[in-house]
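After this come two complexes, each holding chain A, first together with chain B and then together with chain C.
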Partner chain A sequence: MDKQNAFRGTAEQEAKLKAVIDESRTTPGCLMHVLQEAQGIYGYLPIEVQTMIAEGLGISLSEVFGVATFYSQFSLKPKGKHRISVCLGTACYVKGSDKILAELEKELGIKCGECTEDGLFSIDSCRCVGACGLAPVMMIGDEVYGKLTPEMVKGIIDKYKEAEYDNH
Partner chain B sequence: MSTKLINVKINGINVTVPEGTTILQAARKAHIEIPTLCYLKDVNCVGSCRMCVVEATGARGLVAACVYPVAEGMEVRTNTEKCRQSRKMTLELILSKHKKKCLSCERNHNCELQKLSLGYSVDEDRFKGEDFVLPIDTSTPYVVRDNDKCINCMRCVAACRKQHVDAIGPIGRGFHVHIGSAFDRPLSESPCVGCGQCIVACPVGALSERSTIDEVWKALSDNTKKVVFYTAPSVRATLGEAFDLPVGTNVEGKMVAAIRRLGPHAVFNMDVTADLTIMEEASELINRIKTNKPLPMFTSCCPGWIKFVEQTYPELIPHLSTCKSPQQMFGALLKSYWCEKHDISPENLYVVSVIPCTAKKYECEREQMPDDVDAAITTRELARMIKTAGIKFTELPDEEFDNPFATATGAGSIFGATGGVMEAALRTAARMLDGNFEALDFFAVRGSQGIKEATYLVAGHTLRVAVASGLDNARIIAEQVRSGEKKYDFVEIMACPGGCVNGGGQPTLSDSVRNTVELKEARARALYDCDNKNDLRRSADSPVMDVIYEDFLGFPNSRKAHEILHTTYRADKRV
Partner chain C sequence: MTITELDAIRKRKEDLIKVRRVVKEEGEKLAAKTGYRKQVLVCGGTGCTSSHSMQVIEQLEKSLKELKINDILIVKTGCFGLCALGPIMIVYPEGAFYAQMTPEHVKTVAEKHLVKGGEIVKELLYQGTVTKSGDIIPFSETPFYKKQMRIALRNCGVVAPEDIEEAIAAGDYAALEKVLTKMTPDDVVNEMLASGLRGRGGAGFPTGRKWAFAKASQGTEKYVCCNADEGDPGAFMDRSVLEGDPHCVLEAMTIAGYAIGSHHGFIYVRAEYPIAVQRLRIAIAQARECGLLGKNILGSGFDFDIEIRLGAGAFVCGEETALMTSIEGHRGEPRPRPPFPAVKGLFGKPTILNNVETWANVNPIIMNGAAWFSSIGTPTSSGTKVFALGGKITNVGLVEVPMGTTLREIVEEIGGGIPNGKKFKAAQTGGPSGGCIPAECIDTPIDYDSLLAIGSMMGSGGMIILDEDTCMVDISKFYLEFTADESCGKCTPCRIGTKRLLQLLTKITEGKGEMEDLVKIEELATHMKQSSLCALGQSAPNPVLSTMRYFRDEYVAHIEKKTCPAGVCKALLSYYIDPDKCKGCTLCARNCPVKAISGAIKTPHIIDKTKCVKCGLCIANCKFNAVVRK
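Take a look at the complex of A and B:
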């Protein structure tokens, strides 16, 4: 496994997940809920986490993995400190959000669904954030950026990078 | 199912069926077969492939006959233009991303998709699906998965889930769904035990055994090699199906004749080492009882079960009989005793075992005994060799196995059905404990039920026994033994439901047969018939056993017997 994806779970995170599993175990159909909580705790669902869930709930890893890969909200890869989410919903798409996504991928050197090696940025796509009037739209963390053009992408990313340098 | 009866009309024919019956089942009563792909009796019933769509009064649009229950007064039409157009479109969409390498596909002429495509006159190139090539999984010695041929019917997933092994499942969503192990790891790293139930469930050529036919042909044409074949007990009861004979036809004589025409040095009967297994296993059981060693003792002839214990219940390893399986015993015996006797160097002997099983391909590669058997081929592979060699199977005369491994007892023959090993062992163990013990029929352990229990009193010993087939049932017994909830002395486990007669290496029959014939029962009947007709029914009474022990091994569980016929196990915990 590459360095970027090496599992760095803490004992504290494990205890939290165990507690979720223990309180959910007897509820039929609890797998979705447990996966959601696990993703909240770890940020993503690597094999180590899914194995804990499978063993904890007494179901097979293949079943856990099947559900985790069915829903696009679940991620098997770690997310960056700044989570970029590009809207590919109808309004944004017709306004050219695919070009925004392509520019982001070029700027950060990663594909949609991946995370930069320094752990700062990850890119995902989403379907409608409810700001169609501002299309095309992307979110970075909780911040919404609207009426985007590909030329604006570099400046926005640089702002986050500079803030990181200032913090150090 | 309730006993209330429902009257329906299928294509104008009146049928009366119990409430809760599906349209598919009701149509069969009217002698109409509705086409299916994802449906497989006892295994998969999810209504997802839409091949079985029919028109039914009271329903909006077409309904899936495999899951739609009939209602009073319902009129069903199974073959309207609307149904046929819908099925044709479904097939064309499936074919849009199906690797159409039919010419060399091992399921050519035995493929449900091909059969339906012909029937509905499809254009296989009407739609062009996105081109993405999935890797072929050849990571195990027993199964090959080619997902570009997969139609996502889920029958393999359902078969694996029914076994409670759950090594595979659907991955991803939409167009990119494919079947595989968690995290797309190779099958060899999953909890798969190699039972092959997925292969016999597959309607197309996405799953097949890892074939070793080419190596066997090569050995047969190598003048420096002496090639010997031997066939497992259940192969005689199933090989005929590959030549369109009715399910349950015993073709022992033609099978021997056909193999002989492939040109090996000898054709032997694996029932002989089934008898030998019983001699060793029964002695081991009695020894365990008398010396307070771990009980219950579990049988060890099923490699799927052995792999399951090593991966899932390693703490039960001390309970496994140390006996090798009949396949491995035979290889070991040939390469020692038989080679010595005929002054053949073991390196020049090429041992081919014909088995109803895919896990046996893994077994002969186990690190504890890699040299016993050179190739293990399934019933299907043998059938393919016979066909390729142009041997007219059904026209062959009946011939006999070669000596000195021709004569076996009926106890050896029933190894191929669930409960058979138990009954065979009881016949000999009872006689070993009580020299006057006469009974030969142990009816309570027969039949295709998943779990059977019985208690026998022999020479002051109470023998509590259990028999389980299917790994779902094996898991129940393993849990009960581990927790101490059940106390047994001897337990027989077969990984495949019904035992070897229903093994993953047996002929893949068309859905129209699989969904209507009770395969396990019909095939098992052929083996019990062999047993009934045999004058010798107790392994200990076999003259061949006398010779092997006098000539070579000394006595059951002797030091030499242990060296050659017994093995060890190793924990290999998997998630």
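Take a look at the complex of A and C:
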């Protein structure tokens, strides 16, 4: 694994994960819940975290890996600080969300599913956030941006970039 | 909680809720009794929250404080339905329906309308409620609401979903009380059977029969599940019910538990619906605290409790056996049926699984009787159906209509027609499993059987309206991309079939198709329908088959003429500038991202087709309509 993506889990994160595992162990079918919590703690599910879960729950790593790769919500790779998710549900699609995605890819210089080198942005597509009245929509973190046009994309991204520079 | 306490809550809050259901004089009289001069309802559903309705509430609280108004109640509700005009705010007892509110607008309304002796601010109202002569009509009389009949959505946009007392006062848990005190489990199952209610998740299986099978199954442990894994893109009916009236689902599941002899329920809900999940959590906690979930419910001796399980983004988990496998913590893959879940379901025990909207119909059926319910709708599809109306339609939003309402009524009257003067081309129902209803079938009544007869299906209720700018080949390709991506891979017909279908469609949209491909598509589709393990694979070819049935000429145009009539498929388009119309303003050339346009100022420009990436920016920029796309 390359240096940039090397696992950098802290003892504090590990303690949190252990607590989740301990409290869920007796619930039948708890694996998905544990994976969801683990992704909340680490931001993604690298093999190291999956191994801890397998050992903690007393199941095989292949079973954990199988579930983690089955569901689209789980990510084995780190995501950007600002997670952009473009809705490609039908209502958004017929209103041109593919063009929004293309504009974002152009603006950030990465493809859907990737993360920018500085770790600030990652782009994913999702299937319907249920805000069809505002189609086409995208989410950045928990913020929903609706009634988008490709021209609006740069301005929105710039807002996040400026906020980052202000922090430094 | 005892039944007496339940009654006390109803008495205390009844008028408060009633004010929101009646308007004008009666409402004003009632409002006087509630202690609140006015009530302001603000939508806190996902649509309006995304257009910043929380800021509306904040500003409202601030303004009322500044104006020293303390006899107005602010209520954060679920969806009112007209999502395109959010954030929405309704003031009772007048029933003034304010749309597209901003904090600035809220300030104006507070100062001019909410103060004592204030007047409705007409220009901020939803303009559908203002007649040409300037009179204000109740919003229930507007075309969007007039033809609707709200049974499943009866409390959405009426109660505060995070307040169990409001839910109780609005009628939730009355059916549970009736069932536990006056009905036997057999009575309940028989009532459901007689109602003719069919599963609202898409397949339309009679709910009562499901319950009867599960009741007849022997076993010490049985489960009741709620399918809230609404993965059909463009559908948000279930989300709206959970966000607007979560208690109606908890109540209905408890009733089913009593009917079939189960003490444990699971709600499997998409993690992509954070507001719905949070409201469900609050509702369950409140119901437990009141003793409406847990041990000895309402002193009846019956125990029932509900757990939430979060999905993690897999469309196939909407299939019943896959959903149960997922609750068990595994990869959400379906398994062959039989055995059906009613015999061997979750954790190998008899289980019933119903969709959110199906659950939302249980209370009214128990309270008003099966005869009442089956009198609504058509003989084989009783009751109403909720649709999430989206796409190229003026009134995007949530609508509930009696079964048998025609597509024309939904599109032209309720939906307000197609925006920008475009022509209606087709309605897509049933999402990736469904098909399209073309313009020539616009008078088809919407019910399970009529839709199947024309090659579509009811589906869970997503209804996407398409106009003349939509390419039907492209839209089938879009759905196949979806199903190919979401196929779980367990069975070959679906795993390989969706991929091959997608390849064939891609070939056609890229202008490399041959007429023979259409035959191949039909053959492959038939095999997939017959031999896939679950409904995902069995129904994946539907979008292609139904578009081929009604829009075959578009497929042929892509293949033989190598053109896309709707002007969507990029590979088949070319751009050129009409020299007679071009004024040589240079705007297109300056904005072309690949510098494909050349020409001197005030002389007609030319597009270099070898450089053009067909982005369409020149069309958008040209003020003289000189750029043509063919």
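To be clear about the criterion, the second predicted complex is superposed on the first by the 166 of 168 C-alpha atoms of A that agree within 3 Å, B and C clash if a C-alpha of one lies under 4 Å from a C-alpha of the other, contacts with A are read in each partner's own complex, and residues count from 1 in each chain.
Here is the rule we go by: contacts are C-beta pairs under 8 Å (C-beta built on N, C-alpha and C of every residue); 3 or more make two chains touch, one makes a residue touch a chain.
Everything quoted here is computed from the prediction, not taken from an experiment.
Q: Name the contact category of A:I47: first (chain B only), second (chain C only), both, or neither.
A: After superposition on chain A, A:I47 lies in contact with chain B alone.
Q: For A:G29, decide between first (touching chain B), second (touching chain C), both and neither.
A: second
Q: Please indicate which partner A:E55 is in contact with in the superposed arrangement: first for chain B, second for chain C, both, or neither.
A: In the superposition, A:E55 contacts chain B only.
Q: What's your read, chain B or chain C touching more residues of chain A?
A: More residues of chain A are touched by C.
Q: Is A:M152 touching the first partner chain B, the second partner chain C, both, or neither of them?
A: Neither: A:M152 stays clear of chain B and chain C.
Q: Touch check for A:F70: first (chain B), second (chain C), both, or neither?
A: A:F70 contacts both chain B and chain C.
Q: Under the contact definition given at the top, report the residues of chain A touching chain B in one complex and chain C in the other.
A: Touching chain B and chain C on chain A: residues 66, 70-72.
Q: Spell out the residues on chain A that touch chain B in their complex, using ranges where they run on.
A: Touch residues, chain A against chain B: 47, 50-51, 54-55, 59-66, 69-72, 76.
Q: Spell out the part of chain B that touches chain A in their complex, as residue ranges.
A: That would be residues 166-173, 181-183, 190-191, 575 of chain B.
Q: Could you list, by residue number, the parts of chain C that touch chain A in their complex?
A: Contacts found on chain C: 46-47, 49-51, 83-84, 86, 230-236, 239, 271-274, 309-315, 326-332, 347, 388, 390-392, 396-397, 428, 431, 462, 464, 466, 470, 475, 478-479, 482, 488.
Q: Please give the residue numbers of chain A that touch chain C in the complex, ascending.
A: 28-33, 35-36, 66-67, 70-74, 88-95, 126-135, 137, 142, 144, 146
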